[in-house]
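Both of the next two complexes hold chain A, though its partner changes from chain B to chain C.
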Partner chain A sequence: MALLERSEWYDYTRMTNWTPKFVSEEEVFPAMHSGMADVPLSVFDSYDEPYKISYREYVDVQRQKDAGAYSVKAALERADMYNRASPGWISAAKLHYGGVPVVEYHASLMESRFVRFAKAPGMRNMGCFGAMDENRHAQIQLAFPHEYIDKDRQFDWATQGYRTQNWGILAARNLSDDMMMTRDVVQTAIMLNFAFETGFTNLQFIGLSADAANAGDYSFAKMIQSVQSDEARHAQLGTPLLKLMMENGHEAEAQRMVDISFWRTWRLFAVLSGIPMDYYVPLEHRENSWKEFMEEWIIEQFERNLRDLGLQRPWYWDYFLEDLSEEHHGQHIGTYSWRPTLWWNPTAGVSKNEREWLEEKYPGWNDTFGKAWDVVIDNMANGRMEQTVPGTLPVICKVSNLPVVGIPFKTAKIEQITYKGENIQFGSIVDKWIFEQDPERYCRTQTIVDRFLAGKVQPADLGGALQYMGLGVVTDPADDSMGYSWVDEYRPAAAE
Partner chain B sequence: MATVPLAILFEGDFVLKLLPVESEDTMDVLAEKARTVTIGVHIADQPGKAIRVRKEGNEEPYPRDMTVETAGLTPMDGVNLYFE
Partner chain C sequence: MSENVATLKPLKTWSHLAKNRRRPSEYEIVSTNLLWNMSENTPPEAGQGLAMDEWHHKYRYGSPLTHSDWDGFRDPDSLVYRTYNIIQDGQETYVENLCDEYSSLEHDAGLAPEWLEALEAFYTPARYPLNICMMNAGYGAAFARSSTIVNTWVYQAADSLRHLSRLAYRTAELKKNHPSRRFGDSEREVWEHSPAWQGFRELFEKSLVAYDVGEHFVAFNLVAKVAFDETLVAEFARCARIAGDDLAALISDSHMRDVERSRRWSRALVEYCVEDDPANKDVINGWLEKWVPLAERSVSELLLILPGADATAANARARKFRNDLGLDR
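For the complex of A and B:
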């Protein structure tokens, strides 16, 4: 029997909305889960997903993707990537693996909520494939680092990290809770699928895949391409929804969701992608700077997406463009300074040649961030190692859960409000604005500093803090990925 | 006497740091405590210069002998520090 073409039956079979007779529409699609309560169910029939696929096609394509990625992994297992790759690439891979895989499980739960609560049949359908995608992303990114655990225990953070209270994990978990887990499906899809996925994940995937291939880690490159190909499909889930919002009186809500989530995502990716691109990847393999990459791959496309939908650029756009030369530099020297708290050994990336590159890409770097590095390097070159880790904690932003950083002498600034008698610090004017949009949502966040001050970290010293964050538990406190060999050119003997 | 954790930003630093001080500490004592986590860690020393403390947004620094309590600083208040 001949099969019909997909286009001949697709629209008909996925039109699964009907008028409920035994229960109310509100009971089927509760406002707190389904969102857009004032818009009748029938309006959602016009949701038109741009990417159509049948279940049979999906399974076939996904099976091929998995087979491709796992066969590259199997073929290269004896190629000893771990011992051949640069320390910088290993830093980048461990940072990624510790932070990303379990968030993919969150994303799978998120997509599953779409399957149940989205009012648009097309979105429920896409959510179903999306949930399976994200489940695969978690599994593949847990499987790949596993083979390195016997060489380097830090790869075990892929599995163990999310059970710890490490400050970096708290930041990722907070973003996931805020954007993926605790909003109705409409807001969630705008924040996650539209802003986070169409906006940013290409960064992590395209950028990191190129870096991996340059470093000779072809199994990582293949794996991340495979993940990205799913992303390219399910990320589009938010766009038709945004159209419906714009047509049905929800423009302001749509804009607010975009403004909040774009910023939160940007700040997290500045750590996750910005630091590796400008500091960990070996100089000879660096193609674009982080700023150039953002400009080429993210900003232009995101602006076009917004324009096409009739949305505005976020109100803080000029501030954001400045932040491209700022946030990741601050977070890099911060993470490096507090390196015992990390799950990956960081690469400093500030040899003399690298500093020249940084100055070329970010004019003024030497007179700002470079000044702080001068002090760090001088301590290292003269054997004052105890001076190179600060004897206190950084102040943490109540929204991003990241250290509050800025350009020395320039943009480093205190952004504080008092809410219900409590002084609260923010990493930027935008984080402060986000808090003010919904103070009750954010005021209970317990940053690592809040926990420390509340007496939850015992003993209340560096050792206690490290243990609380999983260091000395999952792995030893982290240290310089090159054993400080890069400092040699700065030592007094080298100058003679 | 009570411990008051402050959020400090020393001019030239790239990051705000947590600094626990005592309510009876003068601004000079606060400045000395701040020195241990900033000067020679991320900021070069400027020998001979006094360190002054200023509330964010204020032009004038606090008098050097004013206490944390008299200045009205409460937990997680942000203050700027700088070499005079």
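For the complex of A and C:
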């Protein structure tokens, strides 16, 4: 007799539910942590994780993956990627590293809560591999940017960012605290593993990886693909849970979690992935437009996933399809205009050639977003730099914590309600709807503007605000990644 | 804007490590200062005041076990994900080869009936407490006070899954070789009803709901897990050798390496806390007073069914581990 097949012994690893005697079941699996309190523990024994792996296989496969990814890093350090890459690609990489690794780290805490509080034994085990995976994702995505720290201090945001009150960080934290850190494990797995991971991480990790490879940053491309191969496994731990929800009278809850999560994730990724893909990545290296990626990776696959599970498309689907051609363009103008507040030097991405591409991918761009850029460019080309940074506070959405944007000169998407005597503003009808689902969850959020108005930012001027957000502390206020050289083709002299 | 002149100097490492004046290790670069929920002053951005936020206040920030700088804790093994997999892949390759080799020698068929009974009553039911070991480590990771402490718990949780998985493997193998016995079928009944197991069941169930993160660490990593490992790993290995079950002994020896790593970081964490505030020693001793008697009774009761076992020696080893840390019991 030789070694046993995994299938011969695997079930024993997940026949681990028992009936507590010395403490109550409610103490072991409190409703606030474990969820689905009305469903008996034994029902969860039928949870069947679709992607099975044993511990022995895990440490073998993961060791090899790391060996591959880290060896590419070592080889490419010698190739001096940083000094050879375009400023646009460096913008994209810094945005990524400042925003992503620490969120990955907290996903490891989320998975650890599954290990402890999931009522399904299979989910506890998958949570353990998931916690390991996310631990890896944080570590590898800290090891890589650390190589650039002596070249560029902006990479320091990879670890310092989440300890600042930067507005972009607050937006990412708000989403993570809402969907990943403060709900029971069932809701969390639906929002994070099912909607966020199966839905969206492909965008950042496959989409950006293609752009990275084109831009010559093979270490980033390889590393990020390696990360995504773990996501493809642990993202699936929400699916069997959704089946259990559908079979046990929790359909409405499942649908609501999907609807909230999909929207919140979409709006954040419009900044995190949408802006770099359509504006930062050098034109000649762009694989697809952001909208094309969304259509290919999200619209088709996610819709099919939902249908297979008996769920509906989110109620705001038509509104979302319109948002696909709008939100990230608006956020790009917003972030670029407020560039001193960023942890990365942004790339404008609106040279004449690039505008042609934008018009082709988003017909009507020149007549809408392009007009807003015309004003910025005219000021820059004529040396009126002080007029290219806004002098007033933006309106911030209470849910997304992102600036409220819309189509310039056409639509502002601002929505508002009064809750407990306070006027509250939102960046879309969906954000307003999310707030209304659970006002107590969101009403105590202090947006960056709330903090400013409450006197938390001192001195209450641009300098004080920058300081409060970590600029002048972690790094100097950010600026155009190309030193405005792209404006030259628009200068009066160039026109003659 | 363009008139901004860079004022902050370039760095050689993360700014929070720059003060160390030496080249940081891979461990420090990828493991330190990563939590955003460090204290009462960093509430969640959404969900503030809701049940989960209250949980953090009550059980994390409100714990009597304190430290002025949780972020400063360092794992004495400096373990990172990358090295964890290298080490554990090596261990698993070794154990897998053992299983392969002993299976070709028809090892299981040659085990004595009394020993098979012991395996049925003592060894394979351990998958229930092993699952609780993993659950407890998951709790430690989810609510630890610094990323360096989170990591030690995450790797410990994976170690427990390792042990559970190997036990599952051996359960299937024993069942295959001894189909007339109840391997694979009787474990839950044994765990829930065998008198010998009820002490451990009580200890483990109670450790699961010791939600204060300080008490949880003490109750589980300094007491319940130590009792379990001295019984189900160390004492089991010793008795397995006497009974001629070299395979069980060698596998247990390999798990003992994981146990030793858990003890190294647990020891470091105790020392780190007591160094910062000697009052922490009283806090820990108070919890030991509450938990050790139940643990010692559990060990004594369970080892009654393991032929050749010495409960007094097992409990003495557990005490020695804590006494070496300067703790009372």
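Note that the second predicted complex is superposed on the first by the 493 of 496 C-alpha atoms of A that agree within 3 Å, B and C clash if a C-alpha of one lies under 4 Å from a C-alpha of the other, contacts with A are read in each partner's own complex, and residues count from 1 in each chain.
The criterion applied here is as follows: a residue touches a chain if its C-beta (ideal position, glycine included) is under 8 Å from a C-beta of that chain, and two chains touch if they have at least 3 such contacts.
Predicted model, so just to flag it, every value in this text is computed and none were measured.
Overlay on chain A: chain B and chain C fit together in the combined arrangement. In the superposed pair of complexes, A:E440 makes contact with chain C only, with no contact to chain B. Contacts of A:E322 after superposition: neither chain B nor chain C is touched. Using the contact criterion defined above for the overlaid structures, shared-chain residue A:D45 touches neither chain B nor chain C, since it reaches no partner.
In the superposed model, A:F369 makes contact with chain B only, not with chain C. In the superposed model, A:E25 makes contact with neither chain B nor chain C. Once the two complexes are laid over each other on the shared chain, residue contacts for A:E251 go to neither chain B nor chain C.
In the superposed model, A:G330 makes contact with chain B only, not with chain C. Using the contact criterion defined above for the overlaid structures, shared-chain residue A:C128 touches chain C, although it does not reach chain B. Set against each other, chain B and chain C touch different numbers of residues in chain A, with C touching more.
The minimum CA-CA separation between chain B and chain C in the overlaid arrangement is 15 Å, rounded to the whole angstrom. Comparing the two complexes, residues 388 of chain A contact chain B in one case and chain C in the other.
If you check the complex, the residues on chain B that touch chain A are 5, 7, 9, 11-19, 36-37, 40-44, 56, 74-80.
Put simply, chain A touches chain C in their complex at residues 1-4, 8-13, 15-16, 18-23, 27-28, 32, 54-56, 59-60, 62-63, 66, 70, 102, 105-106, 108-110, 112-117, 121, 124-125, 127-129, 131-132, 135-136, 138-140, 142-143, 146, 149-153, 156, 158-160, 162-163, 170, 173-175, 177-178, 181-183, 340, 385-386, 388-389, 401, 440-442, 444-445, 472, 474-477, 479-480, 483-484.
Contact residues on chain A toward chain B in their complex (touch as defined above): 329-330, 333-334, 337, 368-369, 371-372, 374-376, 379, 387-388, 390-395, 403-409, 412-414, 416, 422-425, 449, 452-453. Those residues of chain C that touch chain A in the shared complex are 1-4, 6-16, 26, 29-37, 44-53, 55, 80-82, 84-86, 88-89, 92-93, 96, 99-100, 103-104, 106, 127-128, 131, 134-139, 141-142, 147, 150-151, 153-154, 157-158, 161-162, 164-169, 171-173, 176, 184, 187-188, 191-192, 201-202, 205-206, 208-209.
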